[in-house]
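Next, two complexes with chain A in common: one pairs it with chain B, the other with chain C.
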Partner chain A sequence: MGNGKSTLMAGQKPTVFNNAIVRQQTISAYLFLLPAMVFFVGFVVIPMVMCLATSFFNYSMGKPFEFIGLNNYLEMFKDQVFLKSLRNTFVLVAVAVPTVTAFSLWVSCAIYQMHAIKRSFFRCVFYLPVVTGTVAVAVVWKWMFNKYTGLLNYILNATGILNENVSWLGDAKTALWCIILILFTTSIGQPIVLYVAALGNVDPSLIDAGQVDGATPFQVFWHIKWPQIMPTTLYILVITTINSFQCYALIQLLTSGGPDNSTSTIMYYIYYEAFKLYRYGYGNAMGVILAIIIALLSALQFKVTGSGATD
Partner chain B sequence: MKKTLSLLLATGMVAGTLAGCGTTATSSSAAESTATSTAESTASATADSATADAGLAADITMWTYPIGKFKDAETVDGIVKSFQEKNPGVNIKVEYLDYTNGDDQVTSAIEANTTPDIIMEGPERLVSNWGAKGKMVDLSDLWTAEAKADINATSASIEAACKAADGAYYEYPLCMTTHCMAINKEMFEAADALQYINEDGTWTTENFGKALQALKDSGIDTTGVVYCGGQGGDQGTRALVNNLYSGKFTDDAHTAYTADSDANKKGLQQLVDWCGAGLLSFDTAAVASDELQLFANGTIAMTFCWNASNQATYAESVTFTPMPVAFPSDDGKPELCGGIWGFGVFNNGDDAKAAAAKAFIQYICDDATQGPASVQLTGFFPVRASYGDVYAGTEDEARMAAFSAYMQYLGDYYNVTPGWAEQRTAWWNMLQQIFTGTSVEDASATYAAACATAIEAAK
Partner chain C sequence: METKKSLITPGTVLTNIVLALLSVFFIFPLYWIITGSFKDPIAVNASPPVWFPTEPTLDNYVRLLSNPAMKWLWNSVLLSVVAMALTCLTAAMAGYVLAKKRFVGQKVIFSIMICAMALPKQVILVPLLKEMSALGLHDTLWGVILPTVGWPFGIFLMKQFSETIPTEMLEAARIDGAGETRTFVDIVLPMVKPGLGALAIFTFINSWNDYFLQLIMLNSSRNLTISLGIAKLQAEMSNDFGLIMAGAALAAIPIITVFLMFQKYFTQGIAMGAVKG
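So, the complex of A and B:
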């Protein structure tokens, strides 16, 4: 776009007429981009810049707006709740991302060659939690985890595995794992759909050739399918990582970060500081750190998996 | 031709986008309206100007939290209409908040300068939160000598709660209540535990312990649940802890939280001991609504989060007799947490709107006919002593009489102490800690330190 030479035929000399065509095409291309750009700049770029700028200020409701340099950042790393939230977030990401990716791949491998009706059925089953509202999902899980009337305690007590009710969401040892489980069920839908599509697009002639040459099913998968679905894997890894880092609604609805901050994540803590305590500058500083962490991890994922995509 | 068409399309898209941007000022409120309300009413001015107040002309917005029937659009529309008959120049749009997201919506509105003109809630939000942060209009002119005398005749703590440290009044109150607890009367009867409750609904800490034992002995697995999950209803757990050994939640001047006092620590330890002995239960994941649901289902024998409004809410779903009782106290003289609800005006820099808002508030609260009717709609009790028993002669008379008996036990309204929001989180954390192994001494010290930091930060 905008490169006049690329629009000319080989050996054709640029003329005033051609330049005018190129200019008109460039203008129309930019005009087509403009609506999206307006939204992108207005709702992404400007808020990001404001977030970064205000993170250096004491920006709190009812207080003077004053420059405090890196104080918000320094406070953050002395704040035990932030550090606990950071640790919880890393646990959540470290567990959720590999399990979601591996499980999605396994399910997709199992269903992508099925008859279209069966395949659609499984895709619907796994995609259902994605299209179900977060509040509805949270209400159902909260009931299942309920200490007194929950399904989980009922089953475990009935089968003799437990002999007393457990407050699954109220115990620091189990609460975060319950959140991860729910996050897992709501995260696998999209990767499964994507993997089924990606596996369906693997060149069958390569698979046939491999099988003719005596490759085992694992070798076919590892040497033929896996490299071809690597771009999808990269996308799934990045999206799942970002979604896991941004886990907030489930925590707000189920535990409010408790018990004793054992399920607090950075996103939840940002919400708490900004909306409950009105410390917008501090919240924004945490947002900047979160963005940097996500960017670094995404870059790492591109680096690690990106080379595989070009093999 | 194609290029012309492309340019036309692009121009059209840009124009459409800009048109969308151009209407932001007016549509943003509509969008927020959708987000904030479950229902919305806009009552336009009527042409009837027979009793018109020509001096008032403004378009104002009111946001209400779900306080009794003030969450019901049809009911509030009626009030708006009757006000507009006398003030046809005032248009009032009403939007309805809920307690889950309401505070966040107000915060967003404050930062976006899209606050409503009137908001209905209690002093902990209107006075010690938004008022202290300079967002509210001083309502001193509504607090006339007559109003002060009438309200103070009910309780002096009401005026104190509505008045900020700077002397300004950021709330004009309509109604109040005391929060109590309730028992499942049939369960208590079956366990022969009613004997431990006095006729006036009070009981001692010692008798409360005996009642728990009797309930347990009668085969009730879970007598009551100390909920620690956060998100509201904390007045129940606060009153429970404070009353057991006559502790105070704050100092008298409302400058410090005192949950780490010896009396309160003794109360906290007592709860831990009862839970340890299986006489009481705790759930660090349950919020007040979960506990109320367990009570309404008949799963547990008592709730620590009860008032007249909850009784009305659960009246149709319970299959037993929910009997309101006071919180147990060592001396048999409970101090119950109070709830005060009224109106505040956000400072939107428009005198005409502020004047119209004040007029509407005065109509809702002080009008000889509408005032008592407004109180009835809340399901609570009037702050004005002159209104007397607003439920006399209504079908709610007997039910409300049971609750009005507890008004005499109204304790200090300490919700206006600085750092209230941080304190609430610290309170839940403390309860969660003591029930999951941390000593009461350590947990209460952590709580006190968090509160001290919050109070310092609020200065």
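So, the complex of A and C:
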């Protein structure tokens, strides 16, 4: 950093002094880092390494702990429930990520120029399901989706759209879509906050210039705002993808993966294998695959949205 | 811009109507939780539904408190406050040196943190459980707190905020003979206060709502958090919606209050965290 140099007095031996400063800086830097590193290494890095390592072992309760190479990985691709969970996960991600991104962009464009109080109000409203917490959100939706006392069936019957009660969470055809709907409501809060901040940072003189030149609102958006908010879009795509892949609590609380595994996702299935069947090694192997899929998708999103969008 | 604002076009009217309808849709679940918690069993199961409980009852709350609900609430508070305090302290220290010092291994450490952040954190829950069992921390609040503090997002956020400290100020302090600790406490901490505010509220809400981690780590009834408690009630008496809504209200109201009080910090912090450094 060379800041030390400026404190040097004339006549001192610069190199020795400098080395001493660098050494002292390094030591104090590590002392400052130490508490955070203890937690990070102890409870993030070590479990990650253990996850990878034990995925090559037969690590199950009541069975001998033995090295089985890639067997856990090979088993996965013959496991019908895993393949179904993989399919469900992809449906969920493929629907949730684009809709969350597009919808939050639309809302943000609509509210970011509003009066501060109004903007703040809408931002809070859309953030509300996130803050309320997954469990509270899940139990109230479970009630609203209930076949007999649920609000949804009442409204749809009263307005004549349906003429019988549907078991929304109990039917393999509708259950996953119910989960996606709730996931959607709990996912758009953060992207809206991010987009509103990003749109507020777009250089107003560029927008004015565009309008003077007679650009339509859509042209202003597409040629001026969209390129400037690209880094935010990328970030939103990545975090929404990660969150959607990890969708677990809603499923556990609403359907337990059923009916007939129609709402089982990889995350849910990992939990089921590891904590219900006590097959830790197999669960960890699926975890590794999930991490690889997410890493690949994130890399792809970086590529597609252009490497110029990030640092 | 001024001319645009005074213009009321069919487009803006339509946008406002759609936004209003969406707001109703997003607020409604919370409304249904709160009103539901005051309904008696007849009102809960009525068809057509009772839109507003005209004869509110506290019976659901009385029954809720026959469970250790206050203990669950206390566990949630304790867990979130401790996780918040530890995260803020460790992240502020680490973020400061990562932003403002140059030392051997700096790049490597920061890169590892960024990579870890991109991985799904739920994937490590299985080994984490094993580790906590080995440490004797399974079924204790520490089993939830320690991994929360370990997650590097806070360090990343505090690094972003620490970048804004003018280097001249740190240098001036050193010339005045202030030691590293003094510099950190007297100069760095006041400068990164908004960042700390954001991180505090962010960590508080996240640890309050981190259902999956709590579910893995906590078992015995008296160690549950409020989230786990409601999930347990739901599993045991799935159709007693009045009772479950009372539990949901008890879990949601404190955290929503905290959020509304500090939401300015919160929105700032999320936006700052996204600025890639």
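Operating definition for what follows: the second predicted complex is superposed on the first by the 293 of 311 C-alpha atoms of A that agree within 3 Å, B and C clash if a C-alpha of one lies under 4 Å from a C-alpha of the other, contacts with A are read in each partner's own complex, and residues count from 1 in each chain.
By our rule, contacts are C-beta pairs under 8 Å (C-beta built on N, C-alpha and C of every residue); 3 or more make two chains touch, one makes a residue touch a chain.
All values reported here derive from a predicted model rather than from experimental measurement.
A.B. asks: Would you check which partner chain A:67 touches, where first means chain B only, second means chain C only, and both and neither mean what they say?
C.D. replies: After superposition on chain A, A:67 lies in contact with neither partner.
A.B. asks: Between chain B and chain C, whom does A:294 touch in the aligned arrangement: first, second, both, or neither?
C.D. replies: second
A.B. asks: Going by the contact rule stated at the top, is it chain B or chain C that touches a larger number of residues on chain A?
C.D. replies: After superposition, C is the partner touching more of chain A.
A.B. asks: In the superposed arrangement, does A:32 touch chain B (first), chain C (second), both or neither?
C.D. replies: A:32 sits against chain B and chain C alike.
A.B. asks: If you stack the two complexes on chain A, which partner ends up touching A:110: first (chain B), second (chain C), both, or neither?
C.D. replies: Touch partner of A:110: chain C, not chain B.
A.B. asks: Using the touch definition from the top, say if A:218 reaches chain B (first), chain C (second), both or neither.
C.D. replies: Touch status of A:218: no partner.
A.B. asks: Scan A:124 for contacts with chain B and chain C and give back first, second, both or neither.
C.D. replies: A:124: touches chain C, not chain B.
A.B. asks: Please indicate which partner A:275 is in contact with in the superposed arrangement: first for chain B, second for chain C, both, or neither.
C.D. replies: Both partners, chain B and chain C.
A.B. asks: Please work out whether A:259 is in contact with chain B alone, chain C alone, both, or neither, and reply first, second, both or neither.
C.D. replies: A:259: touches chain B, not chain C.
A.B. asks: Considering only the contact definition stated at the top, list the common interface residues of chain A for chain B and chain C.
C.D. replies: Residues 25, 28, 31-32, 35, 39, 42, 146, 148-149, 275, 280 of chain A touch both chain B and chain C.
A.B. asks: So in the complex, the part of chain A that touches chain B is made up of which residues?
C.D. replies: Contacts found on chain A: 24-25, 27-28, 31-32, 34-35, 38-39, 42, 61-62, 145-149, 167-172, 175, 254-256, 258-261, 272, 275-278, 280.
A.B. asks: Name, in rising order, each residue of chain A that touches chain C in their complex.
C.D. replies: 1, 3, 6-7, 22, 25-26, 28-33, 35-37, 39-48, 50-51, 54, 107, 110-111, 113, 120, 122-137, 139-144, 146, 148-149, 151, 154, 158, 185, 190, 193-194, 196-198, 204, 208, 231-232, 235, 238, 242, 245-246, 248-249, 252-253, 267, 270-271, 274-275, 280, 283-284, 287-288, 290-291, 294-295, 298, 310-311
A.B. asks: How about chain B: which of its residues touch chain A in the complex?
C.D. replies: Chain B reaches chain A through residues 3, 6-7, 9-11, 13-14, 16-18, 21, 103-104, 107, 110-111, 132-135, 222, 225, 228-231, 283-286, 290, 294, 297, 299-300, 421-422, 425, 428-429, 432-433, 436.
A.B. asks: Applying the document's contact rule, which stretches of chain C touch chain A when the two form their complex?
C.D. replies: Touch residues, chain C against chain A: 1, 5, 15, 19, 22-23, 25-27, 29-30, 32-33, 36, 44-45, 47-49, 86, 89-91, 93-94, 96-98, 101-104, 106, 109, 112-113, 116, 118-131, 146-147, 149-152, 155, 167, 170-171, 174-175, 180, 184, 205, 208-209, 211-212, 215-216, 227-228, 230-231, 234, 239, 241, 244-245, 247-249, 251-252, 255-256, 259-260, 263, 267, 270-271, 274, 276-277.
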